[in-house]
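One chain, chain A, appears in both complexes that follow, with chain B as partner in the first and chain C in the second.
Moving on, here comes the complex of A and B:
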């Protein structure tokens, strides 16, 4: 299959009084058309920053891409001018953010905000855009779209707002939808509805989705492929099925063990001890070493290579240095 | 509507307070009005007679009671130093103050709003530094000093502007009275001579008066825009593919104007009450000048009336600001 998007050895730095701090270090991933890719990790693992860098929305002056490349259809997004990026944003790549409460402009009616998304990338008249907005709203499961067009964001519930956000994101039929924790701020029942909706839209339109979340349950439910991020690196990635069945990295194992399960015997939930280190304190060796239950001497000072298990399942851990072939360091 | 009535009703206690306090304060002021009316050379019997006639020797609370009764009849009193009723003095002088206020407000906003926005959207750029320097200057330079400086420069040295006296040159006929604002009237009646003269006269006092407002509004817009820029919905707008400028002006501007509105309203109210210093320096025949004259001649009635009027204007402007909130911000609802 052709690659829709590739992230190649991407590193992102944040400016800091005592010099730049690397918050994302050399991550590589690929996205195929229509695929759902989950990026999982704790807060501070660099997953949101990665998504912002794809959109070219890193806070200017504060964060920048230090190394690597992001390519859409083989074309580098980082080499694009701001006006070229504006044609990509909201058109080829759209985003929905975590906080539906604050992600809509409080002083404009819903209708205006959706019309704006439509008209930004097409030459449709206001009337056409209005009609299309109503269709979009009904597609995202809003039952009285004409009325919703005329209300302000604060008059809607969180779930409704997230539907509006999705309608806005789907307005120009993007190839990639980046969903940054789209369900975190919502009630559990609403979460399920929103996930169903995203799945439905993906099936209808063939949009590829990058789903950023800390919720492995959500990933298991809708993702084809998963990247597990820890401390600014991808420590493991692979097909959702094989990754959940045979997690390789001790961190992934830890994450899975810390999830409640409804089947099987009742066991105490196992938390991963310790905390995600601050980016300025990343270890020279394996960044997970200090919290790892299977730590070895080598982990201390040598950064593990990325080992490939031949089916696209890759893991960055010294445990596998004998079993497999090194792909790249 | 009910909200408006309720708010107006809420103004009553504060207005009552102001009536009483200004009444007492004017009496405490040094200076014997009877002596001022009669002149210092007058015979003591005559002075006593005047004192009797005006009721100045009644007990204070009786005088207050009489004053309140008079106010309820809608009578603001008589200004003996001009020889007219206070109401007619106010009507003839208020347009001058209004013209000055509107002009200085316009100058302030035209400079402050774009400056504040650009300063915020390009934080720490040259424009941002200029905006900060300007706000410091605007809020710290004494207005009388600036007034005199501008007069020295533009009138005495350069001779670009006419003598800073009044609203229009003595040898030019004032325009036909339509709104009472000379600049507007002369434009409406297409009297270019009067327009040029009145505009020239308006320029310096308006600039002087605008400095303070300009400084505060620039600071407010900059601060609230910086706040708004960090909001999630601004990122959403960017993610839609809008240009940076469109994001700022379409999505940011209204949101950043909401908190600034309060300041603009308060400034407007303060200016309408009469810019005492500026009107005195530029011999501007407005309310501020009138108040100064009244204080100097210990003329109680106009002092009390002008304080009362400016307090009411202030209250009404605050109400207007609150109603404007509702227009700008749909989250605001009145009940």
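Moving on, here comes the complex of A and C:
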């Protein structure tokens, strides 16, 4: 299958008084059309920075891509000019964020904001855009779209605002939707509605979704493929079924064991000791070594390679040195 | 044995004022007739979505919010009528830990100052005793005396929450309210704090009122559960039986909405339509009937009574009204 998007050995640096700090180090991933890719990680793992770099929205002067490439249909996004990038954003890649209140302009009515995002990317009259907005709103499950067009963002609940954001993102029929913690601020029953909606839109339109989240439950619910990030690196990736069934990396195992399960017998939670290191304090060896229950001597000083378990399930850990072939050094 | 806390028909109504002269037009019912009993040494959890009134309940129990009516009996003593001085003394036995470990600590105070404050407010201890007590409590929550010198911004979220717990425990209370204590934390840190809370409970024989929106966390930590919706209790029961065999359709829907970390189990979920109505204008009859998949004609007009369905299991739903 053709690759829709490819991230190749991407590293991102932030400027700092005492020299640049690398927050994302050499990550590679691929996205196929219509696929849902989950990127999971705790705060500070680099998952949001990765998504910003795909959109070309890294804060200028503060952060930059130090190495690697991001390609859409084989074409590098990093080489594009700002105006080319502007066309990609919205037309081919759209984003929804965690906090839909701050992402909507509080002083304009919903209708005007959706019309604007439609007209930004297509040559449509105000009237046509208005009609299309109403269709979009009803598509995202808003029952009285004409009324919603006439209200301001603060008059809507969190779930409704997120629906409006999704409607705006889908306005240009993008190939990729990047959803950065789209349900984190919502209640569980509303979260279930939004996840259902994302699944439905994907089925109807074949949009590929990159879902960034800290919630392994949400990932298991809708993702085909999963990348687990820790301290700026992808430590494990694979298709959702095999990753949840047979997690390879001690960090993934630790994450799953530290989640209270809703079904099955009750066991005492196995917390991962310690905390995520600050990017300026990343170890030379494995970055997880100091918290790892299966730590070996080699982990201290040698960075583990990425080992491949044939079916695309990859894991960056010295535990698997003998069993498999090395893909990247 | 006497229960440590008994709440009977507790109500908190806020006046809603409209117009130029602030005419009282309505009442928002944040708590509407809540009754529950908490036994010594157990964890009673309150679950519900935003706007259900669970935080108001936690604060009202400590009288950080004054109830409109109803009674709160702590260790056999009526709390609602107490004057400020008796209430102040009682607070050494009842403490609270808040959700936001960023907002609930004073940014200009060191950890030591924060932890000394409750001791200074309630007792007249010599300086050495205070220092000793602070060092002890730091160790209890898994911090070191070095942490005492730091300011909140120098601590991680998990460490800050430990400071919040230490501040509540330094007065050696019997009863602690936790208001979403782990919601702002990452999964691995959340597990550290949850296991700490379990250890502290058995070590110090504490009783917890644990408020959360996360059912997996609640199932893990609690002995009893109360499910709230729009200021009303929908169902209470021992957590094991409540979660395996929910009585109320709302509890059932909440449980089915939890995403499971297992892609093999992408089950058919009960997706509730619509959103939680405003507490200013709650639906007539059963407050849940507008979203209930099992709603019957009488649900829209008659308020369901609080029924005992089996031993320890209570619910307010017409399905069980025989």
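Operating definition for what follows: the second predicted complex is superposed on the first by the 329 of 329 C-alpha atoms of A that agree within 3 Å, B and C clash if a C-alpha of one lies under 4 Å from a C-alpha of the other, contacts with A are read in each partner's own complex, and residues count from 1 in each chain.
Just so it is clear, contacts are C-beta pairs under 8 Å (C-beta built on N, C-alpha and C of every residue); 3 or more make two chains touch, one makes a residue touch a chain.
Because the structure is a prediction, the values reported are computed rather than measured.
Model built by superposing both complexes on chain A: chain B and chain C fit together without a clash. Within the superposed three-chain model, A:165 lies in touch with chain B and out of touch with chain C [touch as defined at top]. Judged by the number of chain A residues each one touches, C leads among chain B and chain C. Look at A:42: by the touch rule set out above, it reaches chain C but stays clear of chain B. By the touch criterion defined above, A:104 reaches chain B but does not reach chain C. Within the superposed three-chain model, A:65 lies out of touch with both chain B and chain C [touch as defined at top]. When the two structures are aligned on the shared chain, A:270 is found in touch with chain C, with no touch to chain B. By the touch criterion defined above, A:117 lies against chain B but remains apart from chain C after alignment on the C-alpha atoms of chain A.
Legend: residue contacts after superposition of the two complexes on their common chain; A:87 is shown touching chain B, with no touch to chain C. Rounded to the nearest 10, the angle made at the CA centre of chain A by the CA centres of chain B and chain C in the overlaid structures is 80 degrees. Taking every C-alpha atom of chain B against every C-alpha atom of chain C, the smallest gap after superposition is 6 Å. Taken together, the two structures place no residue of chain A in contact with chain B in one case and with chain C in the other.
Interface residues of chain C facing chain A in the complex, by the touch rule stated above, are 49-50, 156-158, 186-192, 194-195, 198, 213-217, 219-221, 243, 253-266, 269, 271-273, 275-276. Residue ranges of chain B in contact with chain A, taken from their complex: 231-233, 235-244, 250-251, 254-255, 258, 328-331. Residue ranges of chain A in contact with chain B, taken from their complex: 55, 57, 82-83, 86-91, 94-95, 97, 99, 102-109, 116-117, 120-121, 152, 154, 165, 168. Within the complex, the chain A residues that touch chain C are 42-43, 157, 159-160, 187-193, 195-196, 214-221, 223, 240-241, 244-245, 254-263, 266, 268-273, 275-276.
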